[in-house]
Amino acid sequence: MNTKVAVYRKEHFNAAHRLHNPGWDDATNAKVFGKCNNPNYHGHNYELIVKLIGEPNSETGYVMDLKILSDIIQENIIQKFDHKNLNEDTLEFKNLIPSAENIAIVIYNILKEKINPALELQIRLYETERNFVEYPVN
Amino acid sequence: MNTKVAVYRKEHFNAAHRLHNPGWDDATNAKVFGKCNNPNYHGHNYELIVKLIGEPNSETGYVMDLKILSDIIQENIIQKFDHKNLNEDTLEFKNLIPSAENIAIVIYNILKEKINPALELQIRLYETERNFVEYPVN
Amino acid sequence: MNTKVAVYRKEHFNAAHRLHNPGWDDATNAKVFGKCNNPNYHGHNYELIVKLIGEPNSETGYVMDLKILSDIIQENIIQKFDHKNLNEDTLEFKNLIPSAENIAIVIYNILKEKINPALELQIRLYETERNFVEYPVN
Amino acid sequence: MNTKVAVYRKEHFNAAHRLHNPGWDDATNAKVFGKCNNPNYHGHNYELIVKLIGEPNSETGYVMDLKILSDIIQENIIQKFDHKNLNEDTLEFKNLIPSAENIAIVIYNILKEKINPALELQIRLYETERNFVEYPVN
Amino acid sequence: MNTKVAVYRKEHFNAAHRLHNPGWDDATNAKVFGKCNNPNYHGHNYELIVKLIGEPNSETGYVMDLKILSDIIQENIIQKFDHKNLNEDTLEFKNLIPSAENIAIVIYNILKEKINPALELQIRLYETERNFVEYPVN
Amino acid sequence: MNTKVAVYRKEHFNAAHRLHNPGWDDATNAKVFGKCNNPNYHGHNYELIVKLIGEPNSETGYVMDLKILSDIIQENIIQKFDHKNLNEDTLEFKNLIPSAENIAIVIYNILKEKINPALELQIRLYETERNFVEYPVN
């Protein structure tokens, strides 16, 4: 067996969003997205769990210092999305539907650039306690 | 000792909102409300706990059938606020700042009309896991 | 201000029950209690929170040793109700509908006899995460 | 890397059950299953998490509309098991011990028939907060 | 009815402690405090909930800005106790047993000086999910 | 598909610890470990989830009796670490930094000897609700 360990850090942000496909007419959007298509937006308390897999460093016992990971998430994700309207206030979702799936993929792609590439990265995002997603899938 | 029992029912809704006082200029609003003043709104998963105090009925063992209480909350609160923009989509917050405090008071006033007046009513509202309010205070 | 402190201990038990009033016919029972009247029972993971109010002892800093409180709850409540059918296996609910309200009152009356009468006692009982009760009400 | 995303939906049901092997005598059943063998049943609040893995649809951003998934779970699982005695009221457990493991396998087999076969399905079932299972294992 | 609202803010800190009465011999300490008397300390993730009761301000909708309350708790409580040994590293518990009851009273007394005296203050402190306390009691 | 099921059991313990590398000087330890290097220790409520994968036994429906698993965890892990100072009171961490990663590896190695080798074992350890680890990684 290898000696890899997975480490997890949980953060959160509060945002408004709306599910809407601009290529469709309003009736189709309302039919497909239901309440989530509300023109004036609704919102969520998003819970974000970042998972990293790697070998613990023998001198620190850490795969990665989770305080540093928390700072990276704060600077690159929370400051960008917290207390924002994902559709209106962010470049990432100007042309991308902010479904939980797409938000997770966007977060993955942002963090991938900021974290040691030797560490395997996975994102779990809770839109509500009952609806959540994970990316990528191994 | 009296034989009163408190019963609680928990429901939830997801909504967008913005804290903004139209009587102030933008700089004052930004200073007072910070991120919560974001012009394009942000949002929350609100957890609502409705408490009723009364004597259990000797034939049912119930203070109130919580299935009926749940239906009353669904019809009068959840359908009104869920997947809505509180500032834009609701009459209640057209001229009232949708702070957690004010949302709790509004919910109390709506439910008070719908529930047996012999039962004492109290609202607890979680805006996030870390910020919550209760009204009225005994 | 007095120097009283409230202390809380949480325990749990799993039990089957059925809401049924033997003084009514089956149709009335089904109408009033709905799914909770299922003849072959259903069940719950009950979460029990016992609250005591008193002055901390100056030599221990304790209102009451919560390990001792836990033992009292285990011996008098958990052993009696855990993995039992409340209607069939317990004397307390032979002639009393095991609604959450009544279970809380029964637990209060049992524990009241076992705990220092100088301490004020209150019971909170979660039947589910969304339905819970409290007794007595101050 | 592929672009698959896992999506999760959480639902719950309350049921009574009893662990009992009819091929054994009572003493053996009592010895093996302990409190879980109580003849008059006990019960649980089961928390069910359904996981699906697939590619998000480019037009909706959804792997699957979780509202539709919720409806499928409600119709095929919750209506069948909620407020029921698993041993007495369901065909699935007439001849199968309703251990958490077996309940998860039964739920998997029912949902597998109802969900797009292109999506990989996994079930997690919480019998209590401290005891839970997952099926299948990848 | 008055129009007072209770607002709550939750924070946390991690600390080591030991329950030990220096006026007793070791055998008595071990007998009374059991595992909590371990000479080399043990520790907890303390969850702290601060409750304030007051009238919402008509211009902000706030009883108190919870961001400011959070800052006050951080500066006066979290910086003092987080990642500390309560017995060894803090003046407050040099001569006071750091039971949950006493920690709650100490936190109350510190915060009372820092918060608008027109607001009624109450502390809830979770030592574990199963053991918690509240001070003062109304 | 194989018919393996994963079963999980959650337990907890409260312990003090300190992150400190004796091969470094104090300034380096303080720089690397920050608050976690506090000389007098701090502590946590550790939540431990033990996962086993195997085939359910056809006569019991169990992969393993979780009551027996709980007893094994209690005897081999909880009695060893609960209400202890990991650095001072345990052999395992005399010469090993008690990071969450290392604690999980130590727990895995202890339990591996006590559990049927036909069952695949994995450890998840929560140091706080926001920081947790998993070992091994498949």
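Here the chain labels run A, B, C, D, E and F in written order, and each chain numbers its own residues starting at 1.
Rule of thumb we're sticking to: a contact is a pair of C-beta atoms (placed from the backbone, for glycine too) under 8 Å apart; a residue touches a chain by one contact, two chains touch by 3 or more.
Worth saying up front: this structure is predicted, and the values here are computed from it rather than measured.
Between subunit A and subunit F, the least number of touch steps comes to 1. Shared contact partners of subunit A and subunit D comprise F. Taking the options A-B, A-D or E-F in turn, the interface that duplicates A-F in more than half of its contact pairs by residue number is A-D.
Using CA-based centroids throughout, the chain positioned farthest away from subunit E is D. Two copies of one chain, subunit B and subunit E, form a contact in which under half of the residue numbers belong to both partners. Ranked by how far their CA centres sit from the centre of subunit A, the chains are topped by C. After Cα superposition, the angle needed to carry subunit C onto subunit E is 120 degrees, rounded to a multiple of 5.
If you average the Cα atoms of subunit B and of subunit D, the two centres end up 33 Å apart. Rounded to whole angstrom units, the spacing between the C-alpha centres of subunit C and subunit D is 28. Among the residues of subunit B, those in touch with two or more other chains are 129. All chain pairs that count as touching, in label order, are A-B, A-D, A-F, B-C, B-E, C-D, C-E, D-F, E-F.
Subunit A contributes residues 12, 14-17, 35-36, 38, 40-45, 82-85, 88-89, 128-129 to its touches with subunit B in the complex.
Those residues of subunit A that touch subunit D in the complex are listed here as 19, 21, 23-24, 32-34, 96-102, 104-105, 129-137.
Interface residues of subunit F facing subunit D in the complex, by the touch rule stated above, are 1-11, 53, 56, 59-63, 65-67, 70.
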